[in-house]
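First subunit A sits with subunit B, and in the next complex the same chain sits with subunit C.
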Partner chain A sequence: MKIRPFRLSVFALSLLIPAALCAVVLFLMIYSGQAIMFNGLHFLTDVTWNLGDMYDDPVTVHGVSVPSGAEYGILVFIVGTLVSSGLAILIAVPLSVGAAIFLSEAVPAKIRPVLSMLVELIAVVPSVVFGLWGIAVLVPFIGHHLSPTGNGYGLLAASIVLALMITPIIASTLLDALLQVPKENRESAFALGATHFEVVSKAMMPMVRATLIGGIVLALGRALGETMAVLMVSGGGGNILPTSLFSPISTIASFVAGQLDSAEADPTNMSVRALSEVALVLFLITLAVNAGAKLLASGALNVRKRQS
Partner chain B sequence: MNILNKLRRTGVAALAIASLAGVTGTAKAQTVDVPLIESGSSLLYPLFNDWVAAYSADHPGADITTTSTGSGAGIAQAIKGLINIGASDAYVSDSLEAKNPTILSIPLAISSQEVNYNLPGVTNLKLSGPILAGIYEGKITQWNDPAIAAANPGVALPNHVIVPIHRLDGSGDTFIFTQYLSASDSGWASTLKYGTAVSWPAISGEIGAKGNSGMLAAAAANQYSVAYIGISYADKVASAGLGTAALLNKAGNYVLPTKDSISAAAESVANSTPADERISMIFTDAPNAYPIVNYEYAVVNSTQPASAVAEAIRAFLSWAITEGNAPSFMAKVHFLPLPAAVVALSQAQIAKIQ
Partner chain C sequence: MSASVSPKPFRSALEMKRVIYSNLGWVACGLALLLVIFPLLDIVWVIAVNGLSAFSVKLFTTDTTGASSGLRNAIEGTALITIFAMLIAVPIGIGAGIHLSEYGKNKTGSTIRFLSDVLTGTPSIVLGYFSYIIFIISFGWGFSLAAAAITIAILIVPYLARITELALEQVPNTMREAAYALGATDPTVVFKVVLPAAASGVITGALLALAISVGETAPLIYTAGWSNYTWDGRFTHSPVGYLTYVIWTFIDQPDAQSHALAFAAAFLVMLVVLAINIGVRLTVRRTKFV
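Take a look at the complex of A and B:
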């Protein structure tokens, strides 16, 4: 057999990415094993998270050594993550669809690259900058003008900051797709007497539906995992489920970042294991969202094929 | 070429200092270039930065990297041997100490904490441990609660909901604040206890903020709020227009955090500080002592991999608790120097690093 060094090396390199992913998952599963056994299903359904008293002697519960009073329930953070990301998508989708249509239809081709580059630039602004803007501008605004209690930190602030961060992701994917729509489609629609709105909504948007869903999934992935900006404006709610747009929340990622330092001082190490179980849950949520969206996108494709 | 030059320069400088040391007998020369890593408390970080700059200027060849990660990380990484000096606002707990008996907690300076409030028209608020515990437990929800009114006769307290603000990241400030609540309120001591992160009771309208800067921003943005903020932010707190509460101490007096009241607390435990120096200065007996005062610690493993490393750590730490405790370093962050008795104890601990 002929040895092909190029093919072999490329094959080996291509294995690296799935291998890294598997390594992360494996690490999380092995590292959090003890916590999974200790917590059971309560982990997902309890609202109380308590690292316990690390300055007291650890106690043994079900044969596992944990800080006294330790309780790990993450329902609050799961809800916080899903609701804030969901709201962010609700805000971001109309914004980005509007922006993409505007850029592809209403802007002269000459200045389109400049504007679309500006949109893409928002995507590379570091999240801590969004967080600072949130603290300095958004939170006081919400507190003074919207919130009945005068507190601006919470679900709404987190969702708006997230929405701003993900809008350029959706907008730029959608813009690329809209520009790829064959000229014939547009022109034949116009020739049939369609208004500009009808051209966009009936002839162009159905063509780019799969891409739009893909962009939303990408954006959702970013929103679910966003840490720093959320940590700065979310109000860090714990032990209580959000009841309104102005309730403080925590997302899974921001919660892990906030607790890790204290967990490291745990002599039994159970806190860090519990946090890696939290991370595992976030990974599974992201995976489920991605898989669900893949299904949606393929379903959307089928619909279009049947129609054509 | 560059490296050679650098080597020659440091060598010459080291020789010069060594000869100087021979003459004066005081200056310590670090002849070997041993890189040290310090990491941990974000409260100590600005001071460490100042220290390292000044120390490096005086001690050619000193090579110390400082990073700000958090007290918990400082302790954990010092135990794992990833760093040479862990900076922490809290001493190493008994159970961690039992597992790692060679870990030393060495006080470097004295810090404190303010309880700040954003109350329009009120400037001289008095608060106590039980009142603060009630606020953070959700039992005291209004500023004109009878308990607060009883502590503040003659003060027009607003009829408004209290907005308690706490740290959502692990923090030495949470540690000393909850230690004060535990020491002064038996209910808090039996349920929530103390730590760098506690399981804050669910109160609607309560805010979690990240870092002392986040606490300051949240307190400034929310009228009727109360927050605990590290003393190094005192200037920023004052310019943000926040009030600083006088706190009830063990002797029954309401005390503001001043140089005198903080050092009164430090002096009162200086002579009873044990040899391992793991002691709380929260809620001490002294009549005019401020109740939230703490040592800032260097967490160091007494067994170092090489004697040169141990020597470099000893040299830097002894400098830090003597020359590094000079007012020029302390004033910027509102820390206080260690009392003489504690310096002696710290020196004895530093000498154990081998």
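Take a look at the complex of A and C:
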């Protein structure tokens, strides 16, 4: 076979992407190895994250040197992540479905590009700016009007900010799908005497259901990994499971981002290793969700339905 | 909506119910759209008002040494991180895009495409922590420009690759065939025919990647650190400041001057991000990239 240097070199460049991904997974795994041995399965089921006494002599457990009294459990952060993302989805889905329907059916075609551009622009606002807005506007609002304790930081603020950030993902996916529904389907529903809204809700929405679910799962993947905005408005809860909408929480991502100082202070480096295990868990969760979204989007799960 | 308001002399109770439900449905959908768009407008408004009132020449001429100072070091740091990240990412991203579009229509190509999507979906904090382990701890670079730029580069390469691929795919095959028929080699076809034809798409991708790198925070916390001074010219062992750091740390300070600085930084970041995104969307009409 003839050697083609140009093709080989662009191939090598493209291989850097999988290489980077493999490096991320591999080094997180290698680095968290000792933490995984020390923590075992308690890592996922324990509520307490305690860095231990860093000034005392480190103790050796299972052949691993850790600060005395250290224990690493991330159940609180897993729960915080799932609950805040779940609430965000609950808030975002009705809003984005309504917005997409209105954009595709009720808005004149002339101003639709402007409005849909506005919706898409929400997706490009940096996470940290959402957090700033959350602190300046949303948190005081929740504190004054909703929270019984007067403290606006917590689960509800985090969920609302997350919902705002993922709305454009669901809305623009759904809008594109609605605009592609064949004219014949709409017209036959109209011909049967359906009102315009019934055409949308009963004839068009069932056709785009698979796309909608794919978009929701994609949005979920984004919400699970969202860091800065959550870090800024969630109140930074730890070691205690959230009990109400106004409890302070931490998500896995925001917890990792907030732990820099304590990680650097640990002489045994164990907290850095444990955080690496946390990052690995977050990676696996988002990987599973994004792979699910990809399966749904490629239609692998509803091939049978289409053929019948 | 014409169907629901068509004039009829008599409506049965069932029909009335359906018409009322439909109208309620439209109202709900309209409200949903308002609720989606209103926060964006409020964000822009709040940041613009607070940011502009904090604007002064001092912002660009003094360093962030305390609450009542400027942002020169942070602006410079963000610019440096972005420039070096782009210098690393653009050749790799475009090269990878060329491979995927021109020679990657096979199993290997779709595997790379899938893994690239996985990398795009990876939370940026995970990438930042990975870089912390590698560059800061293992290589001993300390918080540094090099670590920050490489992390951002890892973050934007998959975007660049996919957008380049999509742009190159728009170029009709006949152009490639014509070039090959004239005896052109692979690099000639790509650089003289395909890339120029798809230039606007590739540049769009690079601009969007630029906007992403200006707005990122999470991957920089563990890689760039923070510095009160302008860059000393070293790539390692020297932390750099960046604008988004000012936003998330200064808003937690108790005094109003720190808040003003945070809003000023947010205004600058928003200005760059929105200008790029609006500009791109106005020039390239209705092209879905992400």
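Throughout what follows, the second predicted complex is superposed on the first by the 269 of 308 C-alpha atoms of A that agree within 3 Å, B and C clash if a C-alpha of one lies under 4 Å from a C-alpha of the other, contacts with A are read in each partner's own complex, and residues count from 1 in each chain.
Here is the rule we go by: contacts are C-beta pairs under 8 Å (C-beta built on N, C-alpha and C of every residue); 3 or more make two chains touch, one makes a residue touch a chain.
Note that the structure is predicted; figures quoted are calculated from it, not measured.
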Simultaneous placement of subunit C and subunit B on subunit A, clash or fit: clash
Touching partner for A:Leu260 - first (subunit B), second (subunit C), both, neither: both
Touched partner set for A:Asn50, first subunit B, second subunit C, both or neither: first
Partner chain in contact with A:Pro58 - subunit B first, subunit C second, else both or neither: first
Touching partner for A:Leu231 - first (subunit B), second (subunit C), both, neither: both
Touched partner set for A:Ile135, first subunit B, second subunit C, both or neither: both
Dominant contact partner of subunit A by residue count, subunit C or subunit B: C
A:Ile122 touches, of subunit B and subunit C: first, second, both or neither? second
Superposition clash, subunit B versus subunit C, among 80-88, 152-160 or 260-268: 80-88
Shared subunit A surface residues [contacts with subunit B and with subunit C]: 135-136, 231-232, 257, 260
Residues on subunit A engaged by subunit C in the complex (per definition of touch): 4, 6-7, 9-11, 13-18, 20-21, 23-24, 27-28, 31, 94-99, 101-103, 106, 113, 115, 117-133, 135-137, 164, 167-168, 171-172, 176, 190, 194-199, 201, 221, 224-228, 231-232, 253, 256-257, 260, 269, 272, 275-276, 279, 282-283, 286-287, 290-291, 294
Interface residues, subunit C side, partner subunit A - complex: 1-4, 18-19, 21-23, 25-26, 28-33, 35-37, 39-40, 42-43, 46-47, 50, 91-92, 95-100, 102-104, 111-112, 114-119, 121-130, 133-134, 137, 154, 157-158, 161, 185-187, 190, 211, 214-218, 221-222, 244, 247-248, 251, 262-263, 266, 269-270, 273-274, 277-278, 281, 285-286, 288, 290
Touching residues on subunit B, where the partner in the complex is subunit A: 69-73, 75-76, 90, 93-96, 98-99, 161, 163, 166, 168-171, 193-210, 214, 217-218, 221-224
Subunit A residues within the subunit B interface of the complex: 48-51, 53-58, 69, 71, 135-136, 139-140, 143, 149-153, 231-232, 234-240, 243, 247-248, 250, 257-265, 267
